[in-house]
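Multiple structures follow.
In the two complexes below, chain A is the common chain; its partner is chain B in one and chain C in the other.
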Partner chain A sequence: MSAVYEKVKGVLVDKFGVEESEVSLEASFDDLDLDSLDLVEFALAAEEELGVRISDEEAEQLETLADTVKLLEEKGAQA
Partner chain B sequence: MSHPEVAVTGLGLATPAGLGTDASWQGVLEGASAASTDPALAGLEVDMSCRIPGFDATALLGRKAARRLDRFVQLATWTAREAVADAGLDPEAWDGPRVGVVIGCGMGGAHTWEEQHRRMLEHGPERVSPLLIPMLVPNMVAGQIAIDLGATGPNLVTATACASGATAIGTARDLLRSGACDIVLAGGTEAGLTPLSITGFAQMGALSTRTDDPARASRPFDVERDGFVAAEAAGVLVLERDDDARARGARRRARLAGYGASADGYHVTAPDPEGGGAERAMRAALADAGLAPGDVDHVNAHGTSTPLNDVSEARTLRRVCGEAMSVTSTKGVTGHSLGAAGAIEAGFAALALEHGVVPPTANLTEQDPEIDVDVVAGSPREQAVEVAMSNSFGFGGQNAVLVLTRA
Partner chain C sequence: MTSVLKGLGVAVPSRVVTNDDLAATLDTSDEWVRTRTGIAERRIAEPGVATADLAVEAGAEALKRAEVDVGAVVVATCTADRTIPGIGPEVASRLGLGTIPALDVNAACAGFVYALSVASGLIASGVADGVLVAGAETMSRVTDFSDRSTAVLFGDGAGAVVLARGEPGEPGEVGPYDLGSDGEGADLLEVPGGGSRRPLDAAALAEGAQYLKMDGREVYRQAVRRMVASSEAVLAKAGLAAADVDRLVGHQANARILEAVADRLGIGEERRFLNVARYGNTSAASIPLALADADLVAGERVLLTAFGAGMSWGSTLLRWPDLPVT
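Take a look at the complex of A and B:
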């Protein structure tokens, strides 16, 4: 597992109250009971934690954590 | 015109006197003030408040609700669940569109406002949460209860400052009388114990400054009173038409017999010293209940512990109802929970009717000689209460009076 994934997982567990056992690369935001407002909030948290900006439009396209980690890594996120 | 009678079939209370209806009732009967120094208000001129003991949103409502709902919504959501369970109703089974929700709220999401404003100033507008608006707007509390319990009938929030909870209950009563609803969850909530809100009340001169002795600070009707102590709380009543409640074999805890409302049209914060608006609301509530002023046995007073309110209210009570009834202010114990106060006090009035006991006014050691009514102090008083009145008067001169009778 990548360091970026571990960071994303940490944000979801600490800030969004997701159960650690529910988090996996295949999990969708829907599976984790996070809606579009949560996704915008997630993008803000990712920016704080990883120093890269996800636009609202990009956030809307994200479905799974795998998509999210890929996007963050492409943007040069450093965990 | 004759109206269908309305019964209180369920109660939910989360107050500084206790978490839950039973704990709150025990707390007000014990008569010990819940006020204490509040670390969240450290450094302010007034650094005390009355908080609900043990209200842990994560433990009681889950992590998602703890994160996504402002505290004023969390308190009311938990309390609405307690009230519905107490009424023996099953939200899975009820006819949702026939269930209304009317909740009073003075401030809305004060915690959210202040936290997000700080974030914007410190980190810029792009860091402001997308949940800012859904968390802070006052109407969200009724909307969230609809989501939580599938109550999809008429749904609104009333804002009449410190009378909001009583206004909500009166409004709910009308939804039952008109036939618009079969069940209404009615109450009030407030969670404004934040540095900016408390400072605002302190700057008005509304708060007690007895910060060296918080437990003695809220002292309604006492000659040494110097202002109120701010509180958080929520209260929800389940209201149904009396016939419907009987038909389903529900326990009727009290009847909501009358509601009266008025405006002082006098001043933004000070009560009309002549009590004209308050008197009209009291008389309207009694007339609505088909009762005479002399029928009132017990009054749960607005009794905020401010110098102006308590003397003006007591004079008005004396003029309208005479001297035979017992008067208490449960705010001695709970402090003043603003938009929740009218709802939790309607709950305490219902419990006084049900149990035949009146809670004492905490910290009343020397009654103000200008206050010439029979204030219950020291310990609870056993009294077979048949008719109870609950007064609520809001800043802005908005008055709401409820009359409850024994079921």
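Take a look at the complex of A and C:
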């Protein structure tokens, strides 16, 4: 598991109240009961915690946490 | 010398429109609107009622309670009765204030905080010893009720306060201020038609250019970031920390935006105030409407922060005076 994934997991558990046991790379935002506004908030939190900016267009394309981690790593996220 | 808050009055239309009422003609639901926005219902002005009518009603209440000699009127609005003139002069005349200076401030949802700062400036510059500051909107007049992304968000209403010359440390002291804007985001939240760039010709009307359009996600993101930074800036200016704030009364646009702002400032649930459920987003009227509902206690330090179209934002601090509220 990458450091970025661990960071994403931490944000989801701490800020969005997601159960740690539900978080996996395959999980989608839908699976985690996160709605469209949560996704906007997640992008904001990622920017604050990881220093990379996810645009709205990019955020809309994200389905699973694997997609999310990949995008964050491509953008040079430092966990 | 500083400015202090002396009176508060509010006015809302009597007609209540619930989420279920809107869901009768829109593809939405009460549950969807509540979970995304925190809004349960809003007030909508009857046909023929204009923004100045609401401002006058709220202003009369504020004046009655203030017992201060008012020498200027500032109305925060982005939904004035007409394109020209602003409603400030009409509000002043209808309140029997005579031929005093009066103007509108259009900073959309941040308008009330901007207007307070303008009033403080009028007091500091010696133009007036007391200023009536109203935030008044009829957002329903620019709302496209067939657009489910915006129709559920807005409502009509007005609130007004009187600011008067006072001494630092006096109950009701308002300030300092932090204000800002970013015109690069002008098209993120706009009514494109009806101005000089896009007159309302037949083509513009057919397109719905007279209605408000919003890029909700980007506005949400910027709203959180700007209100947090502005709140921190105004606290720093005052030499205070978020821990010194007794109540956060933010612009009531969306419960989740305010929760996100308060979380980042470290202001806990018990120090936040929300009444967006009752009125929706009433733009410049939302802060005085919230002040009237917040059950504030004399001496409490209140942080006001707002963000809206422009993009425009602003924050200030207020030491709540012993003020009767309706």
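We adopt the following convention: the second predicted complex is superposed on the first by the 79 of 79 C-alpha atoms of A that agree within 3 Å, B and C clash if a C-alpha of one lies under 4 Å from a C-alpha of the other, contacts with A are read in each partner's own complex, and residues count from 1 in each chain.
We adopt the following convention: a contact is a pair of C-beta atoms (placed from the backbone, for glycine too) under 8 Å apart; a residue touches a chain by one contact, two chains touch by 3 or more.
As the structure is a prediction and not an experimental result, all values here were calculated from the model.
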If we overlay the two complexes on their shared chain A, which of chain B and chain C does A:22 touch? Say first, second, both or neither. neither
Which superposed partner A:6 touches (first chain B, second chain C, both, neither): neither
Does the superposition put A:40 against chain B (first), chain C (second), both, or neither? both
Just which bits of chain A does chain B share with chain C as contact spots? 15, 37, 40-41, 44
Which residues of chain C touch chain A in their complex? 35-36, 215, 217-218, 220-221, 224-225, 256, 260, 263
Contact residues on chain A for chain B in the complex? 15-18, 33, 37-38, 40-41, 44, 48
In the complex with chain A, residue positions of chain B that touch it: 58, 62-64, 66-68, 126-127, 129-131, 134
In their complex, what parts of chain A are in touch with chain C? 15, 35-37, 40-41, 43-44, 56, 59
